[in-house]
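Following this line, the structures themselves.
In the two assemblies presented below, chain A is common to both, partnered first by chain B and then by chain C.
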Partner chain A sequence: MESLPIKLLENLNALAGGLFLLCAFGMVATRQVRGCLHFFIAQALFLAMSAFILGALLHSWDVLAVGVINVITKPFLIPWVLQRNVRGEMYSRREIDQLLNIPTSLLIALALAIAACFLALPLLRAAGGGGFAAVNLPIGLAGLLLGAYTACVRRQAVPLLLGLLAMENSAFFAGIAIAPALPFLAEVAVTFDVLMLSFIVGLLTRTIHEHIGTTEVGALTTLQEQPQP
Partner chain B sequence: MIRMIAYNLLQMLVVLGFSPLVAGILNRLKEMVQSRRGPSIFQPYRDLRKLFHKDQVFSEQSSWIFRFTPYIVFTAPLFVTLLIPVLTSYPLFFAFMGDMLGGGFVLALGGFFAALAAVDAANPYGAMGASRTRMVGFLAEPVFMIVFFTVSFVAGSTIPYIVQQAWVHPLANFFEPSHILLLLAFLMLILAEGGRIPVDNPAGHFELAMIDESKGLEYSGRGAALMKWGGYMKFFVLLCIFLNVLLAPWGLAAGTAPAPVLLAIPLILLKIFIFLLVLVVIESSLAKLRLFRITEFLGAAFIISVAAMIMRVFTF
Partner chain C sequence: MSLIAILVLPLAAMVLCLVPLEKISSTLAGWIAPVATLLAAAAVLALAIGDSLHVAAGNSIIAIANWIQLDGLSALILLLVGLVGTTAALFSWGYMARRAHGEKRRRLYYVHFNLFFFALLAVPLAVEPNLVWVAIEFTALFSVLLVAYENTHEALEAAWKYIAMMFMGAAIALFGFLILFWAFKLGGGVTYTWAGLRAAAPHMPPVLTKTAFLMILVGFGMKVGFVPMHTWLPDAHSQAPSPACALLSGLKTTVALYAILRLLPLLPPNHTATWLLTIGLISVGAASFLLLQVRDYKRLFAYSTVEHMGIICTAAGFGTASGYYGAIMQMLAHSVTKSFCFLAAGAAVLAVNTRQIASVRGLIRISPAAGAALLFGGLAIAGAPPFAVFLSEFSILKAGLMQGRYLATALLALFIGIAFFGILGGLNRMVFGRPMGDPPPPRTRLPFTCVLALLLGAVPILVLGVYQPRPLHELLNKAVATIHFQIEPGSRNGRRPAKRTTVGLTRRTGRPRTPTGKAP
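Moving on to the complex of A and B:
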């Protein structure tokens, strides 16, 4: 009797993993800053879903707390901070510049995801984990690489930042499965780190934007002498 | 044995008879969403009757391919109907003649001949539409392959009757990530293959923007009717595969008595109606993609299907 709900929860956790991965792909593929932000929020919510399931099954309050913190921070606080600091950037419906075109980018992302799954195999063996780690570790690693890739290939400040934040999401996605007893303090610290990161990058972006009129990283490679407006 | 063959024929009759109705309902729903009245849901039947009563005109330059194609386009979906579960959840007489991949290829045969015929008639729009359909087709092909590949991983088979049992026994299998991702990828495929809105506008009458429609422009009379009917049936068959095999394998007849089999007819129509509601929301809320963005749409479908495979192969 007990086995069906557990199997169901395992499948739901894996489903959250699958959709988490899909969001990471979405962040690579989307053309607009807001689309990127929405994918990031969805990704955080799937992370929270996975954390709730794992917390319930492993009876771990720490993992549940990870879920709660994610639900509060990522969908509300980070968009709020970004909106306050980089309003024009965030809500411009302009398309983001990419270093590579989107189909190429997606194929590279796919190769990265498959590579991450192969990388996770020896790690899994070393961790001796079956069950949840078998889902969360490969997906988390894949998300980490995809986040890094997003940060590399985007040329504007906000999507770049979202790529970094997606890496943090993924690290937690892998982390909750292999170390469910992570100290609560670490999670709180990371949360504040993430907030500070978005705050600082936001301020920096705004300053750069005021001075130069763009935050395209590609356009910032040459120094310019420009009179203050 | 006789009964199995009879049910198989009944399936064909259902597809033959109700596919124009599905097209009519879809058109009507779309018009209603756009706050217009729209034609009656039986309009496709009237169109077909009218076309069957008209004379055919053939270009002097066209070859036998042009004359032959409507029959292939018309019969290909009927062949696929023999292979897939439309009414019953147990395999019928011809079920093991081919698997889902085989069905896909039979459907593709119809598309292939339609493209040839479009070029054959030497109408410039025909050749343009044919080349565009091939473009969509070859981008959709790898997604089809990987979807069926993953299905065979999960269910251990690509015979649709076996696949549909694998999702619901036990029910937890339904929530497997590879299943949900497959559904998403297949839905995008249906939109692309059926010439639906993010890829192609089925209601458009502008030849330069046509993808799917322009292949049939040269046909008249009976040929045009068969091409149209074939298109309706292809859409119906794709919906049957999506709904009965992948999404909701409930409501199919389990017994061999005639009553449950007949009862399954309104149930499949109900399922299709619910799906049409979803489709209308998709079609009304999205705009048609530019031609070169179709690559990205189907690229995304490809990524989703590969993600489904990754989830299956690496995480269990």
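Moving on to the complex of A and C:
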């Protein structure tokens, strides 16, 4: 009788994983700053969902704490910090410039996700099988690569930051399954770090906008090495 | 308690810097921030010297068990941070008095300086790997506003590149640390510290350990500035105020590399050698050729940092006690010399108000102190005898030859030679010759604290090139023992920590020392 809710929870975790990955693809594909932020928030909520499920199944307060911290910080605190510093950027519905077009980006993202699955296989084999890591590790690895890709191709400051934050989301998505006993202090410190990063990047973006008149950080290319005359 | 005091002192100085005293007394406001910062840094240095002597004598220092402790390698890094932090704080006093626009901006600089200093100190003191990750990430977060301090187009661009690359590297390294924790638990580890990891290493699945090492190498490699992940480094290290550059180039890259070196005992050297040698040689090679075409003397020193990080990585890739000894010696020599070079570059900026190599001639006539310091720093960092870098590079080349890695050693020697000409070619044109302009720029006197900082900074560069005090030698040997493990085939996973470790080099012969302390 007990196996039924466990099976259900495992399936729910897999669903959360699938939706988490979908959000990562959404961040690659979306053309608007707010859309990118909404996908990031949704991704954080699916991470929290997975953390609650794993915390309950593993009876781990640390993992449950990750869920609580995520629900507080990612959907509320980080958007608040960003909107305080770069309000105009957040509420604009403008198209995001990126280095490659959307279909090409999606194809590359698909290749990265498949590569992540293959990269995770030997790790899972070495660890002696599946468990929750079999779901969370490949998805976390795929999320990490997609976040890095998003950060590389975006030229606007806020979507680039969200790509970086998605990388951290992904690391924790894998982390709650492979390292559920991680000391709570370390988790709190990492969260504080992410908040600090959002604040500092927000501040920097505002200063760039004030001094240079744009937040298109991809266009900042004055510091380049040139041969001596 | 001394370790806790070391962490508290910069924070206390930072709080003092936050107090807006301009409305009460402008004189007091002008003094309080630099004096508080300098006193805190000097006190940290004094405590670090005491703790390092304690560790060199064979003791360990524990402030909070399994969280804040000190061993051989961390004591050495702590000593470096204290030393460079003190000279940079002293130099900041005179430099920022001339360069900062307004009292508020100057206070802001010291607030960031102290926060950055605090984060740098936290890295060697933390022994829990995840906390080390956090501390290294804080070094980036607290220094980014120093990079952007000038608020120019270039500074803001550099700061943006810097923070983006830093956090991308941090996320990759975080994933690596999580996999490392996974491997640690699968290996039956109990206490998650550097020492606990080393104890559990023989039982950890090698695939997981290797993956974790590779991800941390790539992630922290971005922070170290390995090629091709170095693009942020010349920008950030050239745009920040010069004393902050001294911390960035002399310490921030070093503490990130320290975290990578900490992982070396977890894997057999033959597993890590290829990666370390490849990344190291590519970094040295690329930097040496880039040094030939640099037009900004602060960027010149920044590329030299890339070169030196590559040299340390290559030395670690040799995988022997003598290689590790050379790597740690090079870390030491690089930190003290590179920080001096950036202080000298700051002195040159004060004298001629430009960073372009082509715009400066006859610096020695315009400002003898700045010219002499720049020449001294250039010779020392390029690896000329009798300075510390020469000795460490020589020991690394010797370690490579002893290991039988002739091609890698030959390439390393070639790149070091190219870099030598790249560095000195540019600086030579600046220092000597007739000053440019009609009329030529007037002679400039540097602030007293800047000259004093340069004099103090020059002492370890000179001394370490000709003499190694016994406590420092012991500390270096202990640092080597921390990261070096002999591998014995046939144990579980094909490796087991050796019952004995070779500890550094004998003082006379320079050969690896046996456990009896005699050269083989």
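Heads up, the rule we're going with is that the second predicted complex is superposed on the first by the 221 of 229 C-alpha atoms of A that agree within 3 Å, B and C clash if a C-alpha of one lies under 4 Å from a C-alpha of the other, contacts with A are read in each partner's own complex, and residues count from 1 in each chain.
Just so it is clear, a residue touches a chain if its C-beta (ideal position, glycine included) is under 8 Å from a C-beta of that chain, and two chains touch if they have at least 3 such contacts.
This structure is a prediction, so every number in the text was calculated from the model and none was measured.
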Practice problem: In the superposition on chain A, see if there is space for chain B and chain C together, and answer fit or clash. | Solution: fit
Quiz item: Per the overlay, which chain contacts more chain A residues, chain B or chain C?
Solution: C
Exercise. Examine A:Gly147 and indicate which partner it touches, taking first as chain B and second as chain C; both and neither are also allowed.
Key: second
Practice problem: Identify the partner contact of A:Leu197: answer first if only chain B is touched, second if only chain C is, both if each is, neither if none is. | Solution: second
Practice problem: For A:Gly175, select first, second, both or neither according to whether it touches chain B, chain C, the two together, or no partner. | Solution: second
Quiz item: If you stack the two complexes on chain A, which partner ends up touching A:Leu123: first (chain B), second (chain C), both, or neither?
Solution: second
Quiz prompt | Overlay on chain A, chain C to chain B nearest C-alpha distance, Å | solution = 18
Exercise. Would you tell me which residues of chain B are touching chain A in their complex?
Key: 170-173, 175-178, 180-181, 295-296, 299-300, 303-304, 306-308, 310-311, 313-316
Quiz item: Of all residues in chain A, which touch chain C in the complex?
Solution: 122-123, 125-128, 133, 140-141, 144, 147-148, 151, 157, 160, 164, 167-168, 170-171, 174-175, 178-179, 181-183, 185-186, 189-190, 193, 196-197, 200-201, 203-204, 207-208, 211-212, 217, 220-223, 225-229
Quiz item: Once bound in the complex, which stretches of chain A touch chain B?
Solution: 4, 7-8, 10-12, 14-15, 17-19, 21-22, 25, 29, 102-103, 106-107, 109-110, 113-114, 117, 120-121, 134-135, 138-139, 142
Quiz item: What residues of chain C sit close enough to touch chain A in their complex?
Solution: 128, 130-131, 133-134, 137-138, 141, 144-145, 148, 151-154, 156-161, 163-164, 167-168, 170-172, 174-175, 178-179, 181-182, 185-186, 192, 205-208, 211, 234-235, 239, 290, 293-295, 299, 357-358
